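The next block holds one structure in the form of structure tokens; read it before the comments.
Order of writing sets the chain letters: A, B and C. Residues in each chain are counted from 1.
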């Protein structure tokens, strides 16, 4: 397995991750999964360091996951939540970040509804010549790298629990189904999965497929094993993994989609449709799930098919790995 | 004193608590009260464990009390607050609980405005075969067991500080006054107090008395030393303890009660009315108090009569006891 | 340097601080700045103690600063935020404070939009005869002592990093510019700076200058080296430090000021205006800054002139010093 010395200060997206970097994260996360199975569940790796969670877009589950990851590395955490913040007093986002830097933050986990905000903050920090690390926890419809990595960790761990690695996906077929156009999760997953030798098949309503991809049509993209479908069936055919995406209900009202029921009829994953896939197919969803929309409710709770709760568990180990890799050598 | 080996995974209400279980909680809380009087105030009992506070109904004081209790047992805490949550994104409550389970929560402290939510979550967890513990921190108008236990701890500690126990209440008369119909605090207290040999007298406006009890009228309930009054005076007569309940102002507007002033005139506890009680009578209130409504303002601050601040202090020790008893043996 | 044994239980304002007390805070903060430069960044000074942050007026940055300061002293923190609180249930502020006292709070950091609230709480605590300490984190337009102290620490550290002390300001000219009438930061700074041998010059629109001072006119106040100006230039002339104040935009709408642009034209600090000052002049701002209003945007980011980020950094060390001084001897 090709792991590498970690040199990346910020984790803003998976688009430029090297295979060796993917493997380093996977292997580090596997080590932390072992730590989490011990009695104390903590390591002193980041003692004295401060992780600031700057969530300009609210999210309890992702913030909780990062918070727990940080504490299990013995870091201190500071939480900034939009709404109760001085943003309402007219401060810019960059100034908020600089304030937390000056307070002593060693790492900042940033979520914002606009794409590129974590990048802008990272660029500013680089220019200031400071050693703080920025971790993108979701920026608009752009990327959500820790979600992409935890999905990768979840499926590779299923194949080899001890040594999860990119190479395990060679020859696997992975379907990504749903609102790909608006999904930062899909984007991050496309980058990680196409770095392996897996075949990635995207399926969703034409209105919801990325415009970029739509121009190319139903053909493989150059250099990436990626295929595009406007119907569900060809994507599911013999799939090893089906990644469903959260349907943003607010898109419904803007008439991009007719109704939740109609969406479920065309693109919802059901037991019947699963028969198209490999017999041991597994389903993923980044959560929170709209029950009975993206996945039928009984399937979602069926441990034979659903990896949803493993994804959440993987999240803590993967986020520990990211914070650890970015934070080591800081002291 | 009859203490017992603790076998209860969840604490959802006091209705089925055995006398031995009450005594075990009281005695464990007394031990933690001693810990709280030491310099460090902490014990490593729950090191590595995660207590998730899932407050679907907001409450700063109860959440703070649980949070402090958890930290003093060296547990890590995660806070979920409705409003900033993905519930607004359509996730079900059960899915939220399962997410925190998958993240690694060992215990969940749950408050919800609907009765039965903690029970539904506990049932789901049992069915999943996982070892997580659910603690009801108030469900609708149903139960609030930690409040019932801290009230019990407060009054039994007053009689014997070293060995608080149910048996100390034999022959005591305890009045519960106010909006019993809508009070989960009253319900939990009725279960704990009638497990002792105390006499429990309920008094409140007819509109606010439980319909169940109203059918029975002013007579003792079978097997429980409980008495019902539509007027305050017979309940207060020779009482050792007077438990007042918080008046939900929102009930006023729905015309269940005429006015705050009228409520105070009929059911407010004043110095004058206290003369009906035993000379060393004590007053309790679960807080937050509407000053001058349930209790006259000066009486509330009089340490000779008021146990209100002791109740809050008891809360931390009792919640440490509950978390400890449910959490031990998990590692 | 005259440091002193600390005897002050509460820190409510700087109006009655003695020079020796200022120097004790400055010297203690300098020690903690050293701690913050070590690997672990923590000291066990307040182990077992509880710092309750009661922010009745929301503020993420100040709360985060106090929270980090408390944790680095190994204290536990509890956060109360208005809005999600039982205040909406009608509880008085004093009762909220007494609840946190009863829960075990050793110190309370209090912010409220009404002047005098922390003082009222401190008076109540004194009357109860309890050892809890109250720290004013901003009360209306009255005082914000930790901000005044961190400003003092920032400018004295610039003159002598090892031994910051009041005496270093002798002969220095300090301008305070802006909405002095509504500024608790200005008030606290006036008390600290006029305790030194510095000359303090206030400048702001006539409508925004304190009415008290306006009665006296453009002359020095008796016993305090303080001067009043209705125009910026005489205040800036040969100044060593320029303290700008946050302009409360909500004042704009109440017609106390014509427009942000007009304010900037008359009282905004620009490179051009800075030429009036000493060549090595430094600018301060308590944050959050309205970019381009109080200070021109480029100047704010220029490390040659701006002390804004040092102020934030100083904040953690100064708040550690305050919590430490008030909290020592409590165990």
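What we mean here is this: contacts are C-beta pairs under 8 Å (C-beta built on N, C-alpha and C of every residue); 3 or more make two chains touch, one makes a residue touch a chain.
Only a predicted model underlies this, so the values are computations on that prediction, with no experimental measurement involved.
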Smallest number of touch links from chain A to reach chain C? 1
Can you check whether chain B and chain C touch via the same residue numbers (shared by over half) or via different ones? different
Based only on mean CA positions, could you tell me how far chain B sits from chain C in angstrom? 41
Out of chain B, which residues touch more than one other chain, so two or more? 81
Mind listing the chain C positions that touch chain B in their complex? 47-48, 50, 52, 76, 78-81, 84-86, 89-92, 95-96, 98-104, 331
Residues of chain B that touch chain C when the two form their complex: 36, 38-42, 58-61, 64-65, 67-68, 71-72, 81, 83, 246, 249, 287-291, 309-313, 315-316
